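You will see chain A twice below: alongside chain B first, and alongside chain C after that.
And then the complex of A and B:
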């Protein structure tokens, strides 16, 4: 984030004698243009949010189509998505000098005056049948060229899905990282918390908090929802039978399957990367230990053996061959990793007296977890190879943070004026925002994996 | 005797202290030995050299890593300024001062320089080239540095950028410094990274209006009509 030192080096090689001179001439003749002359080396930059303008989408560009359709303001959804990432600065539509909807109407100079780097335009129109077509184009303002365009034909209810897809594509083009705006979040909403009439709902929503939909309702607590890698099934802990039970729930079909209801605590279920196994924390043998259950064979495998310690909050390594977990075997909660093939256990965190709820970032090289320092909880980020650690943000979070599948954002539960709400922080610690929620207490968020296709019935 | 007795201990202490400070300084020097590669003094030197053309002395030593260009030298400067070139400044300076002493010193310096040059290349004819080239090179550096700074200020890397990435871009300018074109010649493999570099060049061009380029045609042709930029971040967190 700073500038000012940079190296410059002339590319030409030393010239001393006639031979060298001749050689240089030879190279020039040989046409090795790049290898002669000056080369300036740039080693630093000044990183700032990318400036982008998302122009309100227009009506039909085709004369034979019926009037414009805009039940959802696609441009607003895209702008809001991009802004939330913290890596974009979106121009508000009032400040635009023009509002083009087709390539011919784009004057790059207008956008350069506004200091924009990228421009998104688009249009939507009703198809003769039932569908709505939405088309967008992304332009590089500085280079004055189109980078990407896509078109979808969907049902009106899916316009938001399309908007999030557009955000994903723009984000990937500009940042080089796959966008995760089309993903979902799952959380527990508690109505009338603390009273006898408390109702617990497992809720599914877009990552911007829109389109909430209740997946499951019960009068007893719901804990630790987590997604299967297929983004179809979720696992969670319920108390509907009076004791803790781990359930795997298929979102589309509504089918529920009880996976673990052992004596004692049944908690913290997490799907393996292949979706076939479930890691969990069970106290069936006395104290909390990590177990793995094969969902097909129902075979239960015990992973940790620490008779006097609590081992919980399991999380899978990327290859499914190791488990990261929290344990107080050293006297205080710290993060450990167990290799499932060699049974080797190593401790990953050493700073501070409280480190818990670890999650691996995609790539498996970085870890985020909750870290307590001087009585304050922070989200910490650790590079496992270089063993460096950074504090991302101070937080009041009391539940497990959940990572977006592209590793750029993390959602967690926090409290605002005595009410549980959801907040999101970028894993570089720069952006933080809170998600709106209708009413009640919101807890235990879980960010879904990537969802490959548009929601059902698309295209 | 009293003196020694009274001040012996303080003297020894003082000596030790000095030795200690000297040692610490030397050590500190060593510890920071990595940094100097950053070439901070370049700009100052370059500017000085631009003003008074024939001061070749500081160059050869300070930029041993940046060898002279092949092209520019043979152009104009060759014919005359050869042995005379170094003389003018000695003359200009010494006049107001005690002449003899000055001249002796200058002469010694010159001798030393000559010897250095002799050592550098066995051919006498090349001596002037080296001096001349170092001036040109300093000149080049000044402009290159200004360009580089404008691009650094305009370069915003995408979050997928990593410290081991590098992209090489070819830049084409007009003699007035207007940007004709910029294109990626060696990709980093990350399109977003490549584009950020390209955008940085275009933005720098817009911010500056025109890129600063030397007015000397030969220098411009040799280094600035076409040049390459190597983007390789070293300051990222990952």
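And then the complex of A and C:
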């Protein structure tokens, strides 16, 4: 795992210190998080992040498990989650004056000296039967009181899930926003890209890049993976038959169902908010138009009618009553919205000659999309009510924006020195980090919805 | 196999030409004047017709014998065929009209700029531009199939203007 930081704004003195600490914390974490796959490189964060100490969890050593999997260091996973949000600066364990694991061992003075705002302690122990119990407590250092504590009993393979749950709870307590560290990302990894030996893998991973797992492998391109709201099924486009085909794939059972293999292109599948319908772009009637397919009845409904125009990249409004999409009906690709009950279509983007693949933020008032400016492709953010627009990403060939379910972060695909990498930016544009792959090109990321239950299977 | 097909085809064509030559002297039956011993010159062997395909079974330019171009390039975000490409396509259309048993797959491709799904549709539009020229020139719709790969199968995996120009293309594949 590689971690380094750059791009710090010169006026951010405190942040510079923070970054140095961050680097130290990352190097400390590096051993625990070593991975074959995605590596995380933090590039930018808040000027004055919230300062938090996550003390290494205590408890008797866990019974050794067979196999090469190193025991998960819960505190490291939590620190790394919070650091990636850009809103937290996590103290490295070497700089801690004490390492309490129970309330009695906490001396708030130790943490005030270090200028900490919050403190997390915890412990894990083996239950007499099966399972491991993990307990954590979050303290407000200045108020000298406990804000939250939780306890889980899980299988060893779920320790990481618990760590991400702790991050979610801490994040929500401090920011008031539901945490999204327990979610997953899906992306396409291409080995030997651009050659005849190219292999395409649809990969599922935690949002910190850990626990990568290949869902599907093919020698033909895969594009546009997207999640069902149940976080259980995914839809994507494959060329395994030589032509574009839309498949719905159940991640746990592995069951695959071909839902669109019409004449022409079959692309851009997205699940409706109720998970029962799939919006897509089909050219079965001549040119690319938006359709909705009911997954139970298989009934197909045509949504757009723009002869000879390209209508593609649909995305649902939160109530399932409108579709936003890309269309070049005006001569160049722009974002439009169609109200499904009134059939009213309005154009949403007016700046620039190329705006495409929009995604609505939770709440439905903001959009992110691919925007071309002076020949360079960025991700832009737009406030639909105030009609203001802002560029979120500075690199070139930025595409496929996908939002975390709490709307705070967006993952997208870009290029770095000729390689396809994934990057994350906060939707306020302040925080950035990159997830390059150890090998091959990574592209087409899709951030999962919230996952309500702690996974009980052994992933 | 392909070679055998061509040989058979040449033989049929030669046979047809011979038949045409043979029927010539039979027609004028009006005159019955006994001419003194007209010296019938032996019919010259018919000139071999120019081959219509190369050894890969792809059509050739009848005037030069060189294979017809089968890749057509486009400007950025455009699906308009150049004048030069239309001349080449006219020769493909001639061939496909003469040989209704031949069919083609038209692949549409894009460069990597822009979104993948928009490019999937743009690639199809490029394949359809070739398709609509061919059908307007009399090729049957059943002889043509189109498939778009968007930006997924670049000819040149580079990231330069030069590579992009090579990747914005429609490719005609004879089956």
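As a working rule, the second predicted complex is superposed on the first by the 393 of 459 C-alpha atoms of A that agree within 3 Å, B and C clash if a C-alpha of one lies under 4 Å from a C-alpha of the other, contacts with A are read in each partner's own complex, and residues count from 1 in each chain.
What we mean here is this: contacts are C-beta pairs under 8 Å (C-beta built on N, C-alpha and C of every residue); 3 or more make two chains touch, one makes a residue touch a chain.
What you see is a predicted model, and the numbers here were worked out from it, not measured in a lab.
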Subject >> First (chain B), second (chain C), both or neither touched by A:44 >> reply: first
Original post:
Of the two partner chains, chain B (first) and chain C (second), which one does A:145 touch, if any: first, second, both, or neither?
Top reply: neither
Original post:
Of the partners chain B and chain C, which touch A:117 in the superposed model: first, second, both, neither?
Top reply: first
Original post:
Which chain, chain B or chain C, is in touch with more residues of chain A?
Top reply: B
**OP:** Give one of first, second, both or neither to describe whether A:408 is in contact with chain B, with chain C, with both, or with none.
**Re:** first
Original post:
For A:444, is the partner it touches chain B (first), chain C (second), both, or none of the two (neither)?
Top reply: second
Original post:
Between chain B (first) and chain C (second), which does A:175 come into contact with in this model arrangement: first, second, both, or neither?
Top reply: first
Original post:
Is A:223 in contact with chain B, with chain C, with both, or with neither (first, second, both, neither)?
Top reply: second
Original post:
Between chain B (first) and chain C (second), which, if any, makes contact with A:87: first, second, both or neither?
Top reply: first
Subject >> Touching both chain C and chain B, counted on chain A across the two superposed complexes >> reply: none
Subject >> Residue ranges of chain A touching chain B (in the complex, touch as defined) >> reply: 1-17, 20-21, 24, 33-34, 36-48, 50, 87, 112, 117, 140, 142-143, 173-177, 383, 390, 408, 428
Original post:
Where on chain B is chain A touching in the complex?
Top reply: 37-40, 42, 65-71, 121, 123, 126, 137, 140-141, 144-145, 147-149, 151-161, 168, 170, 185, 190-193, 195-200, 202-203, 206, 222-224, 226-235, 237-238
**OP:** State the interface residues of chain C toward chain A in the complex, per the touch definition above.
**Re:** 77, 112-118, 120-122, 124-125, 146-150, 152-154, 157, 159
Original post:
What residues on chain A touch chain C, complex-wise?
Top reply: 193-195, 221, 223-224, 237, 239, 242-244, 264-265, 267-268, 281, 283, 287-288, 310, 312-313, 326, 328, 332-333, 354, 356-357, 370, 372, 377, 397, 399-400, 415, 418, 444
